[in-house]
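Input: a single structure, listed below in structure tokens.
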Amino acid sequence: MNKFATVIMAAAAATLLVTGCSKNDDSSEEQISGTGIKVGFSQVGAESDWRKASTESIKEAAKLKNINLTFSDAQQKQENQIKAIRNFISKGVEVISFSPVVATGFEDVLKEAKEAEIPVVLFDRAVDVSEPGLYVSFIGSDFVEEGRRAGRWVVANVGETANVAELVGTVGSAPAIDRKKGFEEIIANHPGIKIIKSQSGDFTRAKGKEVMESFLKSPEADQINVLFAHNDDMALGAIQAIEEAGKKPGKDIIIISIDGVKTMFEAIFEGKANCTVECNPLIGPQLFDVIEKLHAGEKVPARIPSQEGVYDSVGGINVGTDAEPVTTKKITQEIVDSRKY
Amino acid sequence: MKKFKFPMRYVPISATILVFFVVYLIGIISFDNFGSPRVFLDLFTDNAYLGIAAIGTALVILTGGIDLSVGSIIAFTSILIAKMVSSGCNAMIAISLALAIGILFGMLQGWLIHCFSLPPFLVTLAGMFFIRGCGFIVSEESIGIKNDPVFSFIQNDLTIRLGKGLNLRFIVMLYLAVLLVAIFFSHRTRAGRSIYAIGDNELAATLMGIPVGRTKIMTYTIAGFCSALAGVVYAIYLKAGNPLNCVGLEMDAIAAVVIGGTLLTGGVGYVFGSLFGVLVLGLIQTLIIFDGRINSWWTRIIVGLLVLVFIFMQNLITKISKSKSKSH
Amino acid sequence: MDLLQTNGIEKQFLGVKALKGVDFSVKSGEIHALMGENGAGKSTLIKIITGVYPASAGTVYFNGKECKFRSPLDAERAGISTVYQEVNLLPDLSVAENICIGREPRTKLGFISKKQRKVQARKALARLDIDINVSENLSSYSIAIQQLVAIARALDVDCKLLILDEPTSSLDENEVKELFKVMKKLREEGMAIIFITHFLDQVYEVSDRITILRDGQLVGSYDAKDLPRIEMVAKMIGKTPDEINQMQAGIVKNSNFGDVVYEAKGIGRSGTISPVDVSVRAGEQLGLAGLLGSGRSEIAQIIFGVDPHDSGTMTMCGKSVNFNSPQKAVKAKVALIAEDRKVTGIIPDLTIRENIILALQASKGMWKTMTLKQQEEMAEKYIKLLRIKTPSGEQLIKHLSGGNQQKVLIARWLATTPKLLILDEPTRGIDVGAKAEIEALTQQLCGEGMAVIFISSELEEVVRDCDRVIVLRDRKKVGEVAGEDISLKNVMKLIAG
Amino acid sequence: MNKTSNKFRHLVWPLVSLALLLLFNAIFTDNFFKIEIKKQESAKPAVQTVVPDNLPAAAGEAAAQAEAAVQEVPEQAQTSAKDSKGVSIFGYYLYGTPIDILNQGAKVMVLAIGMTLVIATGGIDISVGAVMAIAGAIAALLISLLDAGKCPGAGMGPEFYWIIPILAALVLATVAGFWNGMLVAGFGIQPMVATLVLMVAGRGVAQLITDGQIITFDNPGLVFLCNGHALFLPFSVWIVITMYVIAGLLTRKTALGLFIESVGNNERASRYAGIEARRIKWLTYVICGFCAGVAGLLAASNIKCADSNNAGLYLELDAILATVIGGTSMAGGRFFLSGSLVGAILIQTLTTTMYMKNVSPAIVQVPKAMVVIIVCLLQSPVFRAKVLSIFASKAAKGGVQ
């Protein structure tokens, strides 16, 4: 036994020195480090299809443009992300880009990047910093605006009176907070529209379903006629719950959510959901255009909105402001099939 | 066996140190700039809070207990400070309040564990849920600490600039200071030795007249303080607070302590070890980031393997030293 | 006024009266033996004196003033040090720390001074004429040394009263002698010593006075010289001397054995025991004599497969076997009642019933279970047979006294109807009454044709009970005596070499 | 006397607290206890529509699995879809909050069964959450391969081949348990650390299996596990009951229970009594792994997809809480399966109550923590003794016994 154990342990020790310390190329995916501009990118994590899609799009774009990409996954932890950025600086990349886990807490590390004269491009989420110029540009969506659009859609389609059940994202996360903010901002001046239920579904299907079930059992259950989910996953979970309750999702309960993943499109196409506000993950190409510009020393705008649409079962509704209108697209089979994620 | 005089009890920790340098070497060989002092310094900057948390964890584990509330307390204190400061309260007051709460909370946990002999795992688990919830009550949203005199003082004046981009930050100095104090405390004070005694054999400790109850409660109090201090450091480090941060950090801390050569059964190990435990974990992470191709899930698997190997090593050593003592 | 005086001490445990008004006193400069069966209340009394428990009633006077110690530390500060039965020290800390912990010498700043600590530790050990490396971990020393370290620790405060709770149970002859030397030396220095033991001759060897407890009550205190041994025993178990003589009388050496049950040729384990031959016949009681650490327990462990042997062969009833785990031994109907009851014997939180059926069930395996009824019947049977003092088989075993726990363990193994029964120190730490009963029982079992291997550090028992004795010294077999040659003298000669 | 009271004393406090919680709901939450009998008809169309949903997703997945042959995949899937009717036996099923509590609590209950045995041996298994993820991942992967006909056994047709992923998941989970057992029993590593390894690495492995994606599926067989109904109750409840009965028989009708308790109480002595302590411990980890597998399948089936990142996240903690609330000591020894189930239900009821009462998601954890501590205090003999001595130091004498 003892001898045997010893052998095993020795073996394990060996495994470490191979796995832990070598760069274990066996595990690394297809070579993504080109010979061009050295870019360090720190992704939030791999927590959802949406995130996965955006990672894919970045890696592909990097390959196309022959970017020397150092990619790091923060696993939803700000601490990891900051470590990553610091290491990018020490490693001496030419451009740093990352999609912040949260809005706050990046000030110092951004200052360091500035000291080291490395331009920073934000991706998908903004950060709030006291002094300007800590990052050169921000590409991506505006969570608050997404919330607003969802709100406007409800106003436009459900009318002045609606009892909304809200599936909030992970408590404290930027998208959850902003989307809620935006949505409430709109319905604020429509007294008929009330949020009668609001509970966190952690951005996951399981929670979305579990919470929706409890909503449907609650005394107010029958009044609920609108569901606003902070992302598609929760909405998809909720749809199952609604069906099991013997109600018709999309008819008895109007369903609006945000992200625009393929599965959601299908749901809308089948009339089981009504609207999804796109939050486009596929802005890798856009990102690297900007980076190349930066590298070439050109100026780039500080805020680059990603082209995002709103998809629903009706179409042709303006969910933007009168100033900059955004009209919804009606989902068709083509649109569904064209979705890659 | 008899030949080499090197005491068995130093083997795990020296192995950890060895591994640290081996990994560091490999990093230097495989990546340019890996050897730059900056990387080394950042290792401390980025792990100071974890290190301080690990000190508390180490002490608790030495008594044979465990503390799962670490991460939550960090999140709570950081958000509390951020909230108070951003709503115009003096930073020093905020910090001291946060520390006080940490201490009290630790004390409460220790009291529950000792007086009602509840399993530490359970109490601190509940504590973890509780304090995390409190964090969300303070604020669901992450809050930045903007242009606060105290924080900018710490940021600008308490940082030693060793060169371009080479900043020895206050938090690093603080961490090292706390570490030294903790080492000294654990080896050169009666209270410190009592911690070891209890972890080694609680009954014997009682019969030898060691104040078991007091020591236990004290240890959890210290752990609470360390976590709170880690939270303060975290707030300084990020200039922000976020109730979502440091989820599952307690596991990193435990891993660090174990890798640092401390046995979870208690009584055996060194606070000093936690330093290298933390550094090794940080280094592995740095390696993976520098490599920049490994998938996140591989990171997890590698860390898991790492822990495994260290456990095996310790296991082996304890076995050997046991058989040694038998042969006497 | 005596150094220590207790008046009408009482102690309740959840309704059970452990002590019923004990008056007890110890003078300075005497060695005072505290005697009594298990459950008589000795350890309870000690624990009250040293402040482990508070007394339910009564008062303790020490040094003339009444005192209520809240903790052992408290008592220690007042000058009462205790060395407990099991070595209660910290294996993973250094010897020096074990001696000094809680009272380390400190620098002006109030920090521990490691150098001073070592000095202090060496001084304390020197008092017992021990010279070892004090910065080694305690666990790297033998039990005996650890025991002496514990005593050194106890002496390392200015202690007026030293309490030794069965200090000799894990020491061998010479070590005991050493200990006694120390005790006498301390007596000269005017220290009072309370000495608890089950080895009667030891009592007479060192103690000046003897106090006897029975069922939590004081029987009396006597000067050692005018209390004949037999009478003391009588007082302890509440019987008359003649009754005891009868108990001893039942024993006869029988000589007609069945065929060989177990035979081992040259079994050994490097570092533990050098190869020996052991064989037992049905109905024979084989004794293993020798000092502690001479290898007697080690042989038992090897036979039972706890420690694998790395040389030699064994046969059970003619079939060659290889016990490398207790399971195998048990399946082959070998039973071992091992040395340390608490660690290797009882399952404290299980009921007496469960403790009794455990081994049998284990040998049957997981699937062949006994109905609750069968279990209860079995438990009842043995509770009666072995006169286990308990209201029912559903009591948790941890609530029994040592002697009764030992009986339960014997029951556990009898239930497996073993062919070979190994008893390793079955009589250690249990009272005279139970001892006699157990001795008688083993005799009876032999009569019924069971092979028994009997290990005891009390040579009288071995000599009295065994039909053949293998004598061991320094992990080697040094001789074997059988039948009429078995006498204390012969055995001693062999042991001494 | 002693015996029976011992049997049930541990159940008292968890049951009391559960009762209080339910009472609270009965008073303050209208129609908390409203249970209606639904006829399957009402759900059938829904089920019908469920079918096309996610389907192309499965196809999409398949496509993702291999770029080739995207075309014929939908047809394949279509056929699989056709047969996914009859989600309930007997057409009728109960519907209401208490049912949800049971259905949602099923995962933790199943986990708690395994966890109880492990804790009874004085161990702990903090890797079950990760193992759940692994089990869900492998099942989803296989089913998507089968749907795409890219895996042997696809010939059986969707109404049968779901058995393959289920078996695979259970086997894999059991292997994981075996691994833990090996570390703990084989190498004598502390359970906490030993299982920490798999806890850290396990989720990684799961993501490795699914390549970090959320794999959705719609196979009637798999979906039925947690969404179907049988004999009026959700099928998951029946799974729990079966597991509980099996575990009960296994531990109480064989000597396993006795051995586990004996090993947990004094391992060395148990070995001396001829019990193969190592094997017993090992076995409990294997069982625990298996339970985690079942729980993982339930989790996946519940949302018709495998979400490696979130499946079973922190459920190990709930399982441990359930066990301890149920009266099993973390020090090992006596164990109470029924208690653990009650504990699990208590936790789930608490969570559901929060949702129903619209408690702000922020503070949900706070009351949970409090309830846990309170129940555990009530369970702790020391606490009881202290309270007793406070209230009636005289009566204490009679009080105990």
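All chains are identified by letter, namely A, B, C and D, in their written order; residue positions are counted from 1 within each chain.
Here is the rule we use: a contact is a pair of C-beta atoms (placed from the backbone, for glycine too) under 8 Å apart; a residue touches a chain by one contact, two chains touch by 3 or more.
This one's a predicted model, so the numbers in the text were calculated from it and none came from an experiment.
Looking at chain A and chain C, the chains that touch each of them are B, D. For the interfaces A-D and C-D, the C-beta contact count is higher for A-D. The greatest centre-to-centre distance from chain A, using averaged C-alpha positions, is reached by C. With centres defined as mean CA coordinates, chain D is found 32 Å away from chain B. Centroids built from CA atoms put chain D at 48 Å from chain C. Between chain B and chain C, the centres computed from C-alpha atoms are 45 Å apart. Those residues of chain D in touch with two or more other chains are numbered 187, 207, 212, 361-362, 364. Across the assembly, chain A contributes 5, 8, 45-46, 171 as residues in contact with two or more other chains.
Within chain C, no positions touching two or more other chains are listed. Chain pairs that touch, as defined above: A-B, A-D, B-C, B-D, C-D.
Those residues of chain A lying in contact with chain D across their complex are 5, 8, 45-49, 52, 168, 171, 197-200, 202, 204-207, 209-211, 213-215, 217-219, 233, 237, 239-240, 243-246, 248, 262-263, 266-267, 270, 272, 336. Of all residues in chain C, only 52, 71-74, 76, 82, 84, 88-93, 97, 101-102, 104, 106, 110-112, 114, 137, 139-142, 153, 271 touch chain B in the complex they form. Taken together, the chain B residues at the contact with chain D in this complex read 66, 112, 115-119, 121-123, 125-130, 132-134, 136-137, 140, 251, 254-255, 258, 263-265, 295-301, 303-305, 307-308, 311-312, 315. Those residues of chain D that touch chain B in the shared complex are 124, 183, 187-190, 192-194, 196-208, 212, 317, 320-321, 324, 329-331, 361-366, 368-370, 372-373, 376-377, 380, 382-383, 386.
Partner chain A is touched in their complex by these residues of chain D: 29-32, 34, 38, 42-43, 46-47, 49-50, 52-57, 60, 95-97, 100, 104, 186-187, 207, 212-214, 216, 227, 299, 302-305, 307, 309-311, 352, 355-356, 358, 361-362, 364.
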